[in-house]
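Listed below are the structures to be examined.
The following pair of complexes shares a single chain, subunit A, combined with subunit B in the former and subunit C in the latter.
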Partner chain A sequence: MAILDIENLHAGYGQHLVLKGVDAQAEEGDITLVMGPNGAGKSTLFKTIFGLLDPSEGSVTFHGEDITGCTQEELLDRGMAYVLQRSALFEDMTIRENLEMGAYVADRDYDVDGKIEEIYDLFPILEERSNAKAGTLSGGQRQMVEFGRGLMLDPEFMLIDEPTAGLAPKIIDQVFERVQQINETGVTIFMIEQNIKTGLEYSDYAYVLDNGATRFHGPADTILDNPEIRDAYLSENVSYEGSE
Partner chain B sequence: MIGTIRDRLNDLPTRQRWALAGVVLLGLLAVPQVSTNFFVMNVFIYAFIFIGLGQSWNVIGGYAGQFSLGHAVMFAVGGYTTAILFIRHGVTPYVGIFAGGFVAAAVGLFLGAATFRLRYHYFAMATLAAALIGKTVGFRWEYINGASGIEYPFAQLGTPWSMMFRDKLPYFYLIGVMALATTLVIYRMDRSKLGMYLRSIDMDQGLARNSGLNVFNYKMYAMGVSSYIAGVFGGLYAQYVLYIDPMSTLRVLRNIDIIIVPIIGGVGTVLGPVVGAFIFIPIREYTRTGLSGGYTGLGWVVVGVVIVLISIYRPGGVLNQYFGRWD
Partner chain C sequence: MVGSLPLQFGWIEYLNLVPQAFFSGLLMGLVYALVAVGLALIWGVADIVNFAYGEYMLIAMYVTLIGANNYGIDPLFMIPVNVVLLFVAGYVTYKLVIKRVMDAPMLSQIFVTFGILLILRFGMLFVMGPDTQSVETFMFDGAVVIAGLNFSLPKIVTGVVSLVTLVVFFLFLNRTKTGKGIRATAQDPEAAQVMGIDPDYMNGLAWGIGSATVGVAGTMVATFFSMQPELTPTTWTLFAFASVALGGFGNILGAVAGGMVISMVEHLGGVLLNPSYKELYIFLVFILVLIYKPEGILNWGEGE
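Then we have the complex of A and B:
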């Protein structure tokens, strides 16, 4: 069953329409990849889902309920989390404070400390450095804090915008492994990624956006069988491994 | 490792800071035992007033990161409210200063509602505009006697409930206690979740919103608290000087005075305004009197040099680098 259902979504900035009819779904328990060239509207799509932009047409439903017009607080309350693309941490706060910020909308009796312990179990390095200011962390550690903050409210569904952006190639696999780890705890993932080949290996389903609309979609392991997509996204002299 | 050094610094100084705070406090209480010299008392009382104003500005400008250039307006509103309530309506200033705080908070919230959609220098410019409007209103509004200001009735000097004292000593204790109480309130805020949320807005407003914070409401809350404090200290100022006029409360430079205190001492820290006030006010008062006559205005050159030195050697203020945040 689709946990998230996007239909004919139109949105943009002022007069400038970026999304011109996006259709996509995220199946519960899946990792769904959103790919496409720069300017295709991937980040705009995520911002619109998370209520940071108002759609001019179309709808986003989450668990069968229309969520367009919801505030971030309401969306977080409903179990949605959003991990931003740019390295988004409160630089002058400690790791622990950054995690606490993730539980801002939680009820008074929510076990914030217990949740932080769970996240430390998931990413032990964060516990070691829990009093370090976020500004002193490496790229990979920062990514862990961002994931951790997204997990603070026990979300069912997580939007992740380009988790590997700006990270060293050798830790890209680690990042995807962490995404998979999060997914295995029962969190449905909807993720933008530019490292298409590696990203697809870890995903169940994929959408290709182009010029603000859904161009292709299909199971992650078959999407690159489409010659058009191969032409568009993989240069011919790069050998492609991983298709079946 | 940077982390461990930082941790050690964070662990160690807490007790030392408290010890230091205790010693400083006892020292302050002892000041009148050593000297009740008119001038010395005056410096301390002004320093206390500016601790309050510095704390006030620090809530919105330091913690929440909204660089207000219009805080003299709230200071003046508190002062005028206290003075008018007392002189024209017989309300004791012991109530009046808090009423002044509420009126100042109302003005601050109005200002916030009008300007918080703006960010960075646009916000600063809008608050500067508010300062200029405040100044014009202060000089022209007949109800508050325009440029001539409002004088206190000296016949009431020393009467109970008038908060008009013949000596400086009662002012020293009264305003000193208010400055201390304000600092303790800010200390509580600094340590609470509220302090963390305000700092999060300063660090990254978009990210704070993403975490679910209603950024606008928090800014309004900070502005309300900040303006309230500024208003109360405006009232105390009026009671101390026994005269209030637009020149002393609403001139543009007054807005800068208020900001200089936390900037010297440490923006967004609890003790920053305390340290800043005890650096800025003595320099201001001693240069103003010591360098009078042909050297009038040279005091500002000294203050300017201090600010330049701080910018170079302790960016963020005296306390920021030594102590980090108070946590």
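Then we have the complex of A and C:
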């Protein structure tokens, strides 16, 4: 059953409508990929799901309940987490403090330290550098802290916006392996990615957005069989991948 | 080198005056630092410049004056009153006014805080009158001699109170969950929001706490500075701006260093050169920093 259901979603900035009718679903336990050209509305879609933008039309339901209008705290309480695209760590805080911030809205009796230990088990390098300021980390380490911070409240559903953006090609596979690792602990993943070919290898299902609407969707291993998608997005993204 | 300057005293007097000015500068530096961190906090978190900052400080000074001169309440007891009063004033200012221009162009934000400045300044001029007034009683009056140096007791008490307030301020920001939430919002508002931290609440808190710091500072400096509705706030706003610019805009730790430097320049410049131009030295340093190191004398990584 679909854990997340987006229907006819319209949203934008002021008068400027970016999403003009997005339909998408995320199946429980899946890694669902959202792809599309720059400006297609992928990040806007994620911001609208997470309540950072108000939709002007349409709905987002999570576990069958309408979540439009929910605050971020309410969404986190419901088991959602959001890893932003750009590097969004708190630069002058340590790795540990950054992780703590991930549990900011947790109840008083929540075992924050225990959860941090779990994150360290998942990404051991973070424990070694526990007291390092986030500003001193490499791109790959920053991404681990981002993931760890998103996992602090034990989410069952995670929005991940372009986890490989700006990373060296040789560590892109590692990032996807981490996403898969997180997914294997039972977290449903809804992920934007520009490295389409590699991204699809790790995904179960994929959506293609174009100009603010869902253009195609299908199982990840068949979506590139569609010649239209291959021509429109893949050729363009092969060179794009190399330049990243 | 000093010999070529217009000396006001002989060499022997200088030997006494320099350490005197140094320690006075240190004491006053603590209160300048306190004034500066409040402005830096508002600037860093809400990303808005409060031009009416000196007016908020003057409110605390006048409340202290009225308490002391009209009701016989010692200024020291006015600290909690002014902390609460200024916190509420800052918080309400954010909720009623600033919140509406958070996404507006910078020019609109400047005009809004300038409007608040005009209302407060001329409101106080109307209520308190244009004359210069001073607090008449303070339980710590007079001067003490420490190691041959003369210190006014009110300034010592002000330095100590400022230091304690700064320590509490930094413990709050670095050790408490809410304090960390404020820092997180300052560093990356969107990322903080994604963690469930309500940016609107944090902005309001920053305005409240930033204003409460001048609640403490205003109470204390009222014990030895006279006040006037037009001159006093202008002076303190400019001191605060110079300190914050020196420390790197919006950088809270830098603001402490900035306040210290400003105070040292003022006090040592006043002794070594000519005391009439004390403020000129401050602005000379300020302008030089803006020209040659606009990111601030300290780069602690957080400033923007």
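The definition used in the following text is that the second predicted complex is superposed on the first by the 235 of 244 C-alpha atoms of A that agree within 3 Å, B and C clash if a C-alpha of one lies under 4 Å from a C-alpha of the other, contacts with A are read in each partner's own complex, and residues count from 1 in each chain.
What we mean here is this: a contact is a pair of C-beta atoms (placed from the backbone, for glycine too) under 8 Å apart; a residue touches a chain by one contact, two chains touch by 3 or more.
Everything numeric here is computed off the predicted structure, so don't read it as measured data.
Please tell me, clash or fit, for subunit B and subunit C sharing subunit A in the overlay.
clash
Answer with first, second, both or neither: which of subunit B and subunit C does A:Phe62 touch in the superposed model?
neither
Taking the superposition as given, does A:Ala132 touch the first partner, subunit B, the second, subunit C, both, or neither?
After superposing on A, A:Ala132 lies in contact with subunit B but is clear of subunit C.
Does the superposition put A:Tyr205 against subunit B (first), subunit C (second), both, or neither?
After superposing on A, A:Tyr205 lies clear of both subunit B and subunit C.
Quick check for you: in the superposed arrangement, does A:Phe190 touch first (subunit B), second (subunit C), both or neither?
In the superposition, A:Phe190 contacts neither subunit B nor subunit C.
Quick check on my understanding: which residues of subunit A belong to both its subunit B contact set and its subunit C contact set?
Touching subunit B and subunit C on subunit A: residues 50, 52, 71-73, 76, 82, 84, 88-93, 97, 100-102, 104-105, 133, 149.
Using the touch definition from the top, list the residues of subunit B that touch subunit A in their complex.
Against subunit A, the touching part of subunit B is residues 2-3, 6-7, 10, 193, 196-197, 199-200, 203-204, 207-214, 325.
Give every residue of subunit A touching subunit C within the complex, in rising order.
50, 52, 71-73, 75-76, 82, 84, 88-93, 97, 100-102, 104-105, 133, 135, 149
In their complex, what parts of subunit A are in touch with subunit B?
Residues in contact with subunit B: 50, 52, 71-73, 76-77, 82, 84, 88-93, 97, 100-102, 104-105, 129, 131-133, 136, 149.
For subunit C, which residues are in contact with subunit A within the complex?
Spelled out, the residues of subunit C in touch with subunit A are 177, 180-181, 183-184, 187-188, 190-198, 300-302.
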